[in-house]
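Take this structure first; my questions come after.
Letters A, B, C, D, E and F mark the chains as written, and numbering starts fresh at 1 in each.
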Amino acid sequence: MNNYLYGNTPTFLGAKNLSSSLDSLGDIDAIVYGVPWEGAVTWGDYTGCELGPKVIRLTSARYSGYLPELDHIDVFEHIELGDVGDVDVVPADVEETMQRITNFSGKLWESGKFLIGLGGDHGITYPILRALTEQGKKVGIIHLDAHFDNLPSHQGDQYARCSPFARLYEQEGVRNESIIHTGIHGPRNQPEAGRNARDAGAVTVTINDIRKHHDLSELARELHAQAKEDVDCVYLSICSDVLDFAFNPGGPVDGNGLTSFELVTLVHEICKQGVIGMDFVEVYPQQDANQNSAHFVSTVILYALAGLINSK
Amino acid sequence: MNNYLYGNTPTFLGAKNLSSSLDSLGDIDAIVYGVPWEGAVTWGDYTGCELGPKVIRLTSARYSGYLPELDHIDVFEHIELGDVGDVDVVPADVEETMQRITNFSGKLWESGKFLIGLGGDHGITYPILRALTEQGKKVGIIHLDAHFDNLPSHQGDQYARCSPFARLYEQEGVRNESIIHTGIHGPRNQPEAGRNARDAGAVTVTINDIRKHHDLSELARELHAQAKEDVDCVYLSICSDVLDFAFNPGGPVDGNGLTSFELVTLVHEICKQGVIGMDFVEVYPQQDANQNSAHFVSTVILYALAGLINSK
Amino acid sequence: MNNYLYGNTPTFLGAKNLSSSLDSLGDIDAIVYGVPWEGAVTWGDYTGCELGPKVIRLTSARYSGYLPELDHIDVFEHIELGDVGDVDVVPADVEETMQRITNFSGKLWESGKFLIGLGGDHGITYPILRALTEQGKKVGIIHLDAHFDNLPSHQGDQYARCSPFARLYEQEGVRNESIIHTGIHGPRNQPEAGRNARDAGAVTVTINDIRKHHDLSELARELHAQAKEDVDCVYLSICSDVLDFAFNPGGPVDGNGLTSFELVTLVHEICKQGVIGMDFVEVYPQQDANQNSAHFVSTVILYALAGLINSK
Amino acid sequence: MNNYLYGNTPTFLGAKNLSSSLDSLGDIDAIVYGVPWEGAVTWGDYTGCELGPKVIRLTSARYSGYLPELDHIDVFEHIELGDVGDVDVVPADVEETMQRITNFSGKLWESGKFLIGLGGDHGITYPILRALTEQGKKVGIIHLDAHFDNLPSHQGDQYARCSPFARLYEQEGVRNESIIHTGIHGPRNQPEAGRNARDAGAVTVTINDIRKHHDLSELARELHAQAKEDVDCVYLSICSDVLDFAFNPGGPVDGNGLTSFELVTLVHEICKQGVIGMDFVEVYPQQDANQNSAHFVSTVILYALAGLINSK
Amino acid sequence: MNNYLYGNTPTFLGAKNLSSSLDSLGDIDAIVYGVPWEGAVTWGDYTGCELGPKVIRLTSARYSGYLPELDHIDVFEHIELGDVGDVDVVPADVEETMQRITNFSGKLWESGKFLIGLGGDHGITYPILRALTEQGKKVGIIHLDAHFDNLPSHQGDQYARCSPFARLYEQEGVRNESIIHTGIHGPRNQPEAGRNARDAGAVTVTINDIRKHHDLSELARELHAQAKEDVDCVYLSICSDVLDFAFNPGGPVDGNGLTSFELVTLVHEICKQGVIGMDFVEVYPQQDANQNSAHFVSTVILYALAGLINSK
Amino acid sequence: MNNYLYGNTPTFLGAKNLSSSLDSLGDIDAIVYGVPWEGAVTWGDYTGCELGPKVIRLTSARYSGYLPELDHIDVFEHIELGDVGDVDVVPADVEETMQRITNFSGKLWESGKFLIGLGGDHGITYPILRALTEQGKKVGIIHLDAHFDNLPSHQGDQYARCSPFARLYEQEGVRNESIIHTGIHGPRNQPEAGRNARDAGAVTVTINDIRKHHDLSELARELHAQAKEDVDCVYLSICSDVLDFAFNPGGPVDGNGLTSFELVTLVHEICKQGVIGMDFVEVYPQQDANQNSAHFVSTVILYALAGLINSK
C-alpha cells in the first residue's frame, strides 16, 4: 500500500490522509476536501473543473509550509492538516449532488475544524454553507470574485456556478448585509447582478474600490468587520477569476483583476481576523499546460493558514 | 429546462435522456452510461480519463447514425438509444466505487438491453462484468487492447487499470478459455502478463496474429466462436490503445497498433456475431486538443450498433 | 523589394509571382491561387481555414519538385508554375464573395492552364466550377472527400461548406452522372446526403469500395472513366478529411479515412488520366501546431502535377 | 436565416448587424468594423492577425455592457452599437488594400459616428486616418503602443505594420505635434524610430514617463490636451503590445508594459476627454489558445465607450 | 545517491549504468549512448533534437523487454544492456564535436559490443562510422530514411544533418555499393541527392519499391544481402522521418512514409541478418507534447535487439 | 559560410562572434557565453533548460540596443558585445561539467571584461564564481531569486540547482555577509533554507521587504552597498522565477513575484552601482510556446548593460 489519496495523487500539501478514518480528528486543525463537480456551463462546452481537486493536490507536492516573506513562518509548525478526499458527485443529478455536498461538509463542520474546500465550480459554495447554517450558525461571507454569481438560475438550473449567491441570499442563517462581494469587475457581470446584490442588501466592493485603498491590510480589516457584524462566523469563498487572467491561465478569462500579490495579501489579512472556513473554486487544468493556476492555490491556502495562526 | 444530460453535455449521439427515468425502457434497444473514474495510475501522475464520458458525449453531437460505407445504413432507423448518465464514483474509495459500478450496471443488465459503458479507466470492466455474472450469466469476453491488463495489482490496488483481467480470471461466471485477449502487442506489457494469461487458460491473439489473417471478417467470426464456446453471452471490451498512437492521440502511447479502419471493422464484425454489451475505455481529453480520440468513439460505437442490427 | 507574394509568404513551391502581371502567362503550365475564405461553420465556432493559402505557401518553401519514389521525376523540369495570389473575399457578404471567386477563377480558366485552388472551405468549389461551365465547358468531377457536401443549405446559406455539391447538381454544364463522390465515409454524413446524391444521379464510391479494390491505379482509371463520360473535362476537388485524422491533424476530425499514401497515389493516377484543374480545401492551421496538414498539401499537388506530366 | 455576421460569428458585443444595411444609421452611436489584414511581417513568418476581427467578435459574445467597477454603468443603456462587417482586403496587393480601407472607413466617417476598427495589423491605421483627413478634418492621435511604428518602410513596403506613423507624419491633415506616442518602451524599437518621432515633431511619452505620474486620470487629460491642440478631433490607436506580455499572450512579445488595469483606465480617461474614433490592432489568435487577448478587447472597448458616454 | 544517469533521467530501458565504469563491460551485450547534438538546421530555426537522448531515456522507463507479438520473447532474458551516457558536444565547434563523437564511439566499438546511438541530428552518423572504419572494418549501411542526406554541405558546413552520406561516400572503409538508402520518398529531397547517390554507386530503395514487395521479411533479407556484399559488417541508421508524420509527431514532417508496423518489422528482420550497431536520430521532443516519437524509439530498439538475439 | 554561432542560431543581440577567436578581445566590453546544462531536477522529470542559451540567442535577433524609456539610450553606441559560444558540458558527469564551467569562465574572467552567462540551471553559478575567486577576487553576490537555492545537496548531488549557494557559502573568496538573497518568497523554499542563510551570515531580502520600499533605485543602492562591503566586486545572479509566473511562462511556476518592470528596474539600478558580471538562469523553452521568457532575457540584459554604461 502507498500513501496516495487516490491514483498517484498525494494529499494536499502532505496532509494526513483521513479518507478512511474520518473519526479521529483529534490533532487536526484544518481539513481539506475536494468537490470534483462541474454543473451548468455558462461559456463554452465545459471547463473540466472536476479535475481541480486532483491537480491542485498533485501540484501541492512541490511545496513546504514555509513562507519566508511572512516573517519566515512555517505553517506546519503550527497547524496539523488533514485531507478527507472528495465528495461523490452524481454528474446527471444536480439536486442529489448538492445534497451530498451538504451532507459531506455538514459532517466536517461538526468537527469544528477549519475547512478548506477545493472546487469544482462555484456552485459548490451554496451547499457547503447550507450545511453550516443548518448547524445553527449565522454566517457572513467574504466573496472574492470578479463576478456576483447571483443570477437566479441558468437555463432552469438553480445550482449553477453563476447562481450560488442567489441561493445564499435566500438561505436562512446567512445575513445578506454580511455578504461582501469583493473584487467585482468586468462586463461578464450582467446588469441585473448588481441590482440583485443591492436588492438583497449585500455589499459590493469593486476592484476599483480595492484600488482606492492604499492599505490592503486595513481594507481586509474593514471587509471583515462588515462581514462579521451580527453573525457568528465569517466564511471566505474565492473564485480564481478575481485574479487577472495574467495570474490565472487556468481559470475564466477576466482581465483587470487582482495580482497574485494582492490576492494572497487580502486572503492572509482576512484570515487573520478570523474565518471559519474557505473554498477555492474554478480551476481548469485542461487549459493550463503548466498548471500555474493549480500551483498557486497552494500558496493562497498557505497564506490563509498563516493568517489563521495569527488569528488564534 | 434544456435537454442536456448535464452542464452543456448532450446525451451520447442524441440518445433519449433517461437519467431521471430509468424505469421506462420500453422502446430502448441500447443504453449508454458513463463511468468517470480514474483509479491507479501506471504512467505519469494522472490521465484525466474521468473526463472521458463528458467529452465523448460532447463530440458525439457532430454525428448522425448514417454510415454510407456500410451499405448506407442509418443506425437510428433500427435502434433506439438511451443515455442514463454516469456512475457516482468515490474518488478516494476504490472498493466502494467498484461496488457502485456493479450496482449501477447491474440494474441496467436486468433490462436485457445492449449496454455501452464509456470509461474512465480499464478498471471499470471488472465490476461491470461482475454485475453480469451475478445475474447468473456465463460470460465470454473479446478484449481488444494492446495490453493484457491482467497484473495481480498495482501498489496494492486490486482494481487498478492494469488488473481487471486478473480479477475476471478469478470471477465465477467468466469462462477463462472464452477470454480472448486480442491485438496484444508492445513492451508496455510485462512478461508475467503473458504467463498469467496462459496460466489462466485465456486466449492470446497478438497484433501479428491479426495481421497474418487476410480477412478481418473471418477473423472476427473465429474470435467470436472461441469467446462464445460454452458461455451464455459475449462481452466486448475495448481499450483505446489497441489503436496505434497515430489513431489515438488522446490515449496511452502505443505504436504498432491497429488502424482506425481495422478497429471499426473488427468491432463491426464481432458485433454481427452477437454481443451482450461493450465498453470503450482510456480516453484522455486533456492530452488531445482536437479530441480526435473522443470523436472516434462515436464511429466505433456506431459500427458496433450496425453490427448489432445485422446480428438480429 | 523582395520576392514574397505578401508579408513573408513566398509563392507556392517557388512558383513565378504573377500577382501583378496576370497577363503574360506564356510559359506558365499551371497556376496556383488562394481563396482565404471561411463561410458557414458546421461544427464549432470557426476553423480559421482562411489562413490555409498562406500557411500552405509558407510550408511549401521546404520542398523541391523532385519525387524519388516516382521514377525520380523532377516536376519542375517539366512544368512552369505561376502563383497569382488570392481572391479578395468579403467576409460578411457570401453572395458577393462567390461572385468574386467566379470572376477571379473565370479569368484564369480563360488562360487554358491547369488551375490549382487552395482553400479556404469547400464552399469555394462551386463558384470555381460555375466559372468553368460559364465558359461553355461540360464538366465531370472527381470529388475526394469523407462527406458528400451536398446538403441544400446551412441555416439559410446556400454556399456553405456542406453544400457545394447541392449547387453543382443544379448547375448547368455539370453532368451529375460524372460527379464521383469518392472516399465517402463516416457518420458526419447525414442520411439525406446519400439520398441527395442518388436522386441527383451522382456516383458514390465509399471508402470501403476503395478498399475492395486491390489496385489503386486501376481504380483511378475507372473513376476517371466514369467522370469523363459525356463531358469535356474532369475536375478534381479534394477535401483534406478524405484523409484519416491520423494523417490530417489540421483538418476536420474523421477517422477511417485514406492514408497519405493512398491519397497521393489516387491523385497521381487520376491526374495521369487528364484533369483540367483541382482544388485542395479545409486546411486549419490554428489546430495543427506543426502544420503537418499544410505541409502535406505540397506533396499532394506535386503528385498531381507529376500525373499531369504523364498525361500529356 | 440567423443573426450571425458571418459563419458562426456574431456581431461585436451584440451590436446591430449593419452589414447589409449601411444606410440606415439613424439610432446608431458607434460603429464597429474589422480589417482582417496582415501585410508585412517583421518577426517570424506570419502572425495570423487577419483572424483578429473574427475571434474578437466571437469572444465578445461572453459580455454585457455592464461595468460594475465604473459606478455600475451599463454602456448599452446609453449607446447603440452597430457592426458593419469587414473590409475586403486583397492579400497580394497592399496598395489596393490600403485604398479599400480608406474607402470603407471614409464612408463610415461620413456618418459622423464613433468608429471602432478591429485589426488586423497596425498598417491599417494610416488608411483609416487618411480617410478622415480627406474629409477635411485636422487630426491629433493618441497612440498607445510599445513601439513608434514609424519606420520609413519594411523591405520596400510603405504600408507595413512598422510604418503607419511614418505615413501619418507625412499626411496633410495630421498635426504631428498632436501625435502622442504613448507607452513607448523596449528594445524592439530601432534607434532611428525615436529620432524619426523627434524630427517629425511628434511627442513621445515612454512607459517610464507614465509610471512617474501618480494619477492616470490626470495623465490622460494631459495627453489629450496635447493631442487636441490646434486640431479638430483626436483619434485613439491601440496596439495590443502596449500591454505587458503577461496581459497579452495573443500579441507581440513585449515585457515591461502596461497592466490590464492601466490600459483600461488610460483608455477610459482619454475617451472621456472626447475622441472621434479608435482602433485596436495586433491580436494573434493562433498563439493564444484561451484567447485572452481577444477577450480583453471587449473590456477595452467598453471602457472606451463608457468614457465616450461621460464625454457627451 | 540514486540510480539516475543524470538529473531524473534513468538509463535507457533500465540498462546498467556504465557512465562511470566504462571498463568493465564483461557481461554487457549491447551498449546505449546518446549524442545530444544539433548542428546545422535546414528548416526553421532549430529542432531541439539535443533533448532526444534525455527524453528517449525518460520515456523508456515505461517499458519492459517483453514483446508478446514476437513469440512472447523477453529481450532482457537474452541480452544485458549497458548505458554509458552522452558525448560531450561543443555547440559552437562542429569539427571538434565530430572528433569527440568519433573518439567516444571509437572506444565503444573497440569493445566489440552492439552499439545503439541515440541522436541528436543525423550528422552524428558520419563520425560514428568513421570511428568504425578507423578500426579497419569495411562497412555496409542500411539507411532507413525519407531522405538521402547526401548533400555536399549546408551553408559551408560539411557535417550538417543533410550531409552525412556525402561524407560516408568519401570515407575509406565504407563500400558505397553497400549503402542502401531505404524508404526514400518525398519532395524534401533535392534532385541532386538522387544523382549523388547514383554517382557514388549507392543503392536507392524508395518507399514505392518497399510497397511493391509483398513480404517485408524477404525484402529485409535482400536489403541485408546487398549491404553485406564485400564488407565486414552492416550498420543500421534510422532517421525518424522514414515514418509517416502520422507515426512521427516529434520529427520532421514527411507524409507518405512507413507505418509504425512496417518500421519495426523491417528493423527486426534486418537485425536478424546480423548488424554491428545502429543509431536512431531526429527526435524532437519540443514539438511532441505527448512524446509519441520518443516513446516509440524504445519499441524500435527492442525489435532490433530481438532480431539480434535471433541472429546469434 | 554564414555568421551564425551554430545551426541557425545568431550571436546574442548581434554580438561579435568570438567562438573561434577568443584571443582578440581588444574592443570588446562585455562577453556572452552559454551553459546548456541541466543537472539535478527537483520537480518533474526535466525542464529542458539546456535549450536556454540557444533560444535566448534566437529570440534576441528581434532586438536592437535602444531603450527609449531610459533616456533613449542606445546601448550599442557605448558597448561592444562579444559572444564566445557555449561550455561543452558532460551530461552524465556533474563533477567534470562543473570543472569545465570553471575553466571556461575562468579564461573569460581573465580578460577583465563584463561577463554574461546564459543558463542552463542555477547550478552553473557556483563554478562560475569559483573561477572568479580562484583569480584572487573577493566577491559579493546580489542574488535575485524566489528561492534561496542553498540546500546542502539533492539526492547526493552537491551541484544541484537547489544548492549553488550552499557551495558558495563554503567557498573561500566569497564573503557570506555580502551575499544578498533578494526577492525570496513562497513555499517552494524549505524551512531549513532560511536557517541556512542566517547561519551562513547571508542577508535575506524577501519580496515583501522589496515591496515595503517605495523607491526601487534606492533599494538597489542599499542592496549594492551591502554586497559591496569588504569585497572587490559584486556579481549579479538572476533566476527567472524571481518574476511572477505571469511574467515567466517559461520558467519555474512561482506566484507572488516581481513584475517585469520591477525586475528590469532593479537590475538596471544595481548595475549602475558597478557589477563585474552576471548570469540569467532557468529558462525553459519547451513549456513556453511563444518564448516570452527567452525574449525577455534580452531586455533584462540590455537594462544591465545600460546600467553598466552609467556606472563607468
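The working rule: a residue touches a chain if its C-beta (ideal position, glycine included) is under 8 Å from a C-beta of that chain, and two chains touch if they have at least 3 such contacts.
Quick caveat: nothing in here was measured; it's all calculated off a predicted structure.
Two copies of one sequence, subunit C and subunit E, touch each other mainly through non-matching residues, since under half of the numbers at the interface are common to both.
Listed candidates were E-F, B-C or B-E; the one reproducing the C-D interface, defined as more than half of contact pairs identical by residue number, is E-F. A separation of 37 Å divides the Cα centre of subunit A from that of subunit B.
Once the centre of each chain is set as its mean CA position, subunit A and subunit D turn out to be 38 Å apart. Listed for subunit A are residues 244, 246, 289, each touching two or more other chains.
Under the contact rule defined at the top, the touching pairs of chains are A-B, A-D, A-F, B-C, B-E, C-D, C-E, D-F, E-F. Interface residues of subunit C facing subunit B in the complex, by the touch rule stated above, are 43, 148, 184-191, 193-194, 204, 206-209, 211, 244-246, 249, 253, 255-257, 287. Note for the complex: subunit F touches subunit D at residues 59, 62-70, 72, 74-75, 77, 244, 246-247, 259-261, 264, 289-292, 295-296, 298-299, 302. Considering their complex, residues 1-2, 4-9, 19-20, 34, 36, 38-41, 44-46, 48, 50-51, 53-55, 58, 84-86, 88-94, 155-156, 285-286 of subunit B touch subunit A.
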